[in-house]
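For clarity, chains are labelled A, B, C, D and E in written order, and residue numbers in each chain start from 1.
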Amino acid sequence: MTVTLHHYLILASVLFCIGLLGALSRRNAIVVLFSVEIMLNAANLNFIAFWRFGNNPELLHGPLFTLFTIAVAAAEVALGLALVIAVYRHFRSVDLESLNTLKEE
Amino acid sequence: MNLLGAGILKGMAVTLKNFIGSYFDKERLNTLEYMWQNDKSLPKRAGDYPKEEGEQLRPTTTVTNYSRNFPMLLHDDGEPMDTIRCVACQICERECPPQCIYIEKSDDKKERPGGKPQFYPATFDIDVSVCMSCQICVEVCPFDAIVMNSQFELSTPDRFNGLLLKRGDLLKSNQYYHKIHPEEAADRDKRIADDKAAKEAKKKAAEAAKEAKKKAAEAKAKSEAEANSKEESKDPSEPPQTSTEHNKEENTE
Amino acid sequence: MNWELIKDILLATVPLLVIFPTMFALTTWVERKALARIQNRIGPNKVGVPMSRYGGKLSLFGLGQPAADGIKMLFKENIVPTGADRLFHLLAPILSLIPAMLVLCFLPLNFPWLTDEQNSVKAFMLDGAVIFFFAITGLNTLAVFMAGWASRNKYSLLGGMRAIAQMVSYEIPLVLSAVVVVMTVGSLNAGEIAKSQDGWNWFVFSPWGLAAFIIFFIASLAETNRSPFDLPEAESEIIAGYFTEYSGFKFALFFLGEYIAMFAISGLAVTLFLGAGDGPGAEAYPSLKVIWFLAKICVLIGIMIWLRGTLPRLRVDQLMSFAWKFLMPLSILNIFITGFAWHAENNNEEYGFTIKAIIWTASLLILYLTAKGLDKVNRANIKPRTYQYGE
Amino acid sequence: MNEVTAFWILAAIAVIGALFAIRKRNLVHGVFSLLVFFAGLAGLFLLLLAEFIAVVQILVYAGAVGILILFAIMLTDRVTGKDAFRVTSRGSFWGTIIAASVFLVLLLPTIQEIPQVDNPSNSEEIVKQSTVKALGKKLIHPYVITLEILALLLTAALIGAVTAAQGGHPAKKKISIE
Amino acid sequence: MGPHHPSTHGVFRMDVKLDGETVVDLKPVFGYLHRNHEKIAENISYLASMPFTDRLDYFNSMTNNWAYAIAAEKLVEIEVPERAEYLRVIMAELTRLVNHISLVGFFVNDLGALGTPLLYAFREREKILDLFEQASGARMMCNYLRFGGLRCDVPEGWLKRARDLVDRFPKFLDEYEQLLCENEIILSRTQGVGTLSRDLAISAGVTGPMLRASGVNYDIRKVDQYGIYNRFKFRVPYSENNVGDCYDRFMIRMLEMRESIEILKQALDGIEEGPVMGNAGKVFKPKPAEAYGRIESPKGELGFYLVADGTPKPYRFRVRPPSFINLTVLRDMCIGQQVADAVIILGSIDIVLGEVDR
């Protein structure tokens, strides 16, 4: 049995949910960034899958769009880590739970 | 304004010249092969090394004939123990800065060719691990009995008595000394010869002076006998007293 | 399993696995001999086949040295520091070797026995070969970090971090100077780049090509931690770099990885700038291409060894400012100049010799003046001083 | 035949990599498994004949982002990377429930609506078209504006990251020799 | 940086307190090589401590001997013959060459040049040491000078060999300068590193090339005119601005080598035949007196202070070691610099632990 579009879509959604799970359930800011990365990559997988099984591949929509998302994701990680470092310098910890100073007591 | 990075390029030009030079120009490449024949194992004691320095080196090695390493005792030609020059006066033992010489004086005297019988060292050890080859002992020795050897291959596996050179190991002949340090040996022998000549001359002068005195004494006795009433004829002046001290031996300590 | 495909793949990969490791062994020998000769010594000549029957030994001019090193490395007991992360401690040298080896197969070596129509060869003619090259060498930094971190010792971590900072900041000039060539050829495919340089119009002969080649070479020196930039491993200030905790065969793997990376990067330099496989006899007998390619790599390796024998090391901050404040602006400027020159060359018709001469001299001047200006800005007060003499 | 096995292997690698990235207590192990995930994904892209994307994925993610995260870990957490805090945040239970429901929501339409396309256009034609040159032309011609915006975005992000991370460098105090 | 650190010259430890890359505090720790030289000298005769002076600064034994000989000659008025004076100057200048090339070699080796300049330096040093071996019998531990002259005359043919070595030396120096002096990497790593201001140098008692690098025109050969230095015409290089850094110290030593060659040329021309040993008595027993003799050793002002009490053993024997006193300013030069530079600053001071610890 050959590999069909469904395989890729199911795989992409599995990966997306793993990313979501990580984002929601971990305390460490850096691991949250991991999970956001995983989610973005799952989305890229979908783009390429649709482009590959789509009917007019010469438009190259898939790869182009993936290029843009990769660029945006890289920028996002850079900024996210910069913020994490700034937060760490102030709070001496990367634990998201302790970042609640905006909440008035 | 020089080219950017010119300094680095010039530096590389120098290394290139050295790289090529090391193949042709003898003056640049001066590393030598190691000397000791590597098929023989290291002897147990430093003394067991072949007596003659030449036998242990490879023909290609050049030990300059000025280099000094550890001291050695000299004996003139003939059976070593009879013609040993050292008289165990222990000056070198006292003067040696790192105190690495140990001498035990023999109780009986030994006949020496030429001079009167002298003591000889019963044991004469030099601890090669302590000696720093500073050559002070050669300088202070009044009898030219100890000189520097240029034999440097003395490594032994055993640290304590392996590096202790006994009298037997130290004793080397004068021709060997001439072989390794020709110039130095030559002028040392010349100096010894001059001293001997000076001594004979002095002795002769002393005998001459004695006969002269004897003659003068007989003449005086005769003249006294003839005219003991005549007033004393002026004695010939005292025989000239030799200026330098008797000989180096009695330098006061 | 179609055996045809497997045979083709083996034909393409096995020669790589044979040629480059033997060249590695030879290079270690050549390096030690050449460094020795530069320093007026003789270099290793003691290892030889012990011919006990004839007495003495047959000294193969030190050729036995790499074999002796290899055996020594094999039998050395490899120690893993306590508390170190065993898995990553083992993985780091392997990860430093894989990218170096992987990259070798994309160089346009065009072995004579690999005619083009076999489909396996097409697989190797990857479309984005140059980008793939930089992606894979990027992994090397990862291996360095893993080694530094896994050996659980503060100094090797520090050394590792410094090595990464150096590699990352020198990757940018490396990529930018490669962009110049890709721009003029118009394709990322290594084979096409090689084809476009046939017949002596190598890139190094055009002014921007020469500038790009110099930047590329300097950056590749830094990328493989060689000569003036070998800060991480020969730290006379803090203890040696990230692979202090490695001994025995793992250290040999690192050593092999470093040399193969050196081959790979100089191979790329040859493909991009020095006309891979193109030499006097190349058209007549195509099998000569491989020999030309390897000869050019050896020339570059020779220059690296020569540099190692001459130049002292740069300090960490000078290293960084050299990359960011000197090489990068120069390579960006170089890209503009190439774009302008390429545009002038391809778009107007009466592109006679005079315009070409003008453009070349102009670009040479601009490049040299900016380099001089940048150098003056970076090192304003550094110049040889004169001294006065008192009686 | 070997294409299907390749897909399953790479899918397994990707899923395991992602799971470990989240579950691992030791952060640095997490980063390395994340890199395995990126490599698995690059393999999948190759399977889908998007060759250039696979290469860019390795270059950007496995090369640069991985090292960036490692640097971040070094700068913030204890060097050993041991994550001593309680691993899961307070809302972790509700998190799993939301993730599962999102998975169901995604899964149902793919099963029903999207046709079971299993005869992809032949691969030779795709490979011929998706060369880097074609991509380049597309990027310049119709999408040049997005390219410029992307460039702007990247520079802005770069400068933003640098200033945020540095947090205003304290004036370099001159060490006076007393 | 521990005692057996690869780049410190001998057993010398630096406790460096760092703030990131810059050095905040530095405490030199030495004394590992203390051999009780001065106490031993009080228990042995004057002549017996002459070979120990070789071990002080084991790079230049001839100048150590000469300093000790001058101090002893001041105790007892001994007249040194003409040829001995000339040979003393020749030996001293040859040791200055040996010291300066090996220092420059070690200095550039600390910068990371993998030994190439060092091995060129050692190649030239070997030739000079061969000359020493032919004259005194040993390469480094010469023990050649005596109170009132030299132990033995140089073998014939020695002066000719020394002559063509001196003629060939400038060619090597040009090659060496071409390799090192314009090298951009060396320039950028040494300029502005380890600055020593003029008045700090003077107040700290720094002498020798370090002092001249900080802009002070002070050379004992010119000040004391000891030996027969007044007969030779030579110049003393010193830096213009009054703050000296590692580059100045490196360049001053290169220029001093050229001056030494000038002196050697004049000395080798001016020497004639004659006795080598003055009329020193057999045993050196000075009357109770004290004397301080000093010379310009390649590292600075090397002085010997002797107190005699009529017995053949000195009452007090004190050595003024130049590198020990130059080392006191190490801390002030290193503060504020990078860690990588601390090693280079130490290298530029040119210390030899034999002399520092005595």
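A few comments on the model shown:
Keep in mind that, in the parts below, a residue touches a chain if its C-beta (ideal position, glycine included) is under 8 Å from a C-beta of that chain, and two chains touch if they have at least 3 such contacts.
The model shown is predicted, which means the values in this text are computed figures rather than measured ones.
Touching subunit A and subunit B at once is no chain at all. Between B-E and C-E, more contacting C-beta pairs join the chains of C-E.
Taking the mean of each chain's C-alpha atoms as its centre, the chain lying closest to the overall protein C-alpha centroid is C.
Taking the mean of the C-alpha atoms as each chain's centre, subunit B and subunit D sit 86 Å apart.
Subunit A and subunit C have Cα centroids separated by 35 Å.
Taking each chain's centre as the mean of its C-alpha atoms, subunit A lies 6 Å from subunit D. Distance from the subunit D centre to the subunit E centre is 64 Å, each centre being the mean of its Cα atoms.
Among the residues of subunit D, those in touch with two or more other chains are 52, 56, 64, 71.
Shown for subunit B are the residues that touch two or more other chains, namely 8, 11, 14-15, 18, 28, 30. In subunit E, the residues touching two or more other chains are 116, 120, 123, 179, 181-187. Per the touch definition, subunit C reaches subunit E in the complex via residues 35, 38-41, 228, 230, 234, 236-238, 308-318, 379, 381-391. Listing the residues of subunit C that touch subunit D in their complex gives 88, 126-128, 131-132, 134-136, 138-139, 141-142, 145-146, 149, 157, 161, 164, 168, 186-188. Interface of subunit E with subunit B (complex): residues 44-45, 47-52, 54, 116, 120, 123, 126, 130, 133-135, 137-139, 141, 143, 151-152, 155, 175, 178-187, 282-283.
Residues of subunit D that touch subunit A in their complex: 3-4, 7, 11, 14-15, 18-19, 21-22, 27, 30-31, 34, 37-38, 41, 44-45, 47-50, 52-53, 56-57, 60-61, 64-65, 68-69, 71-73, 75-77, 83, 85-92, 94-96, 98-100, 102-103, 106-107, 110-111, 114, 116-118, 120-121, 125-126, 129-130, 134-135, 138-139, 143, 146, 150, 153-154, 156-158, 160-162, 164-165, 167.
The touching residues of subunit D, counted against subunit C in their complex, run 28, 32, 35, 51-52, 55-56, 58-59, 62-64, 66-67, 70-71, 74, 79, 131-133.
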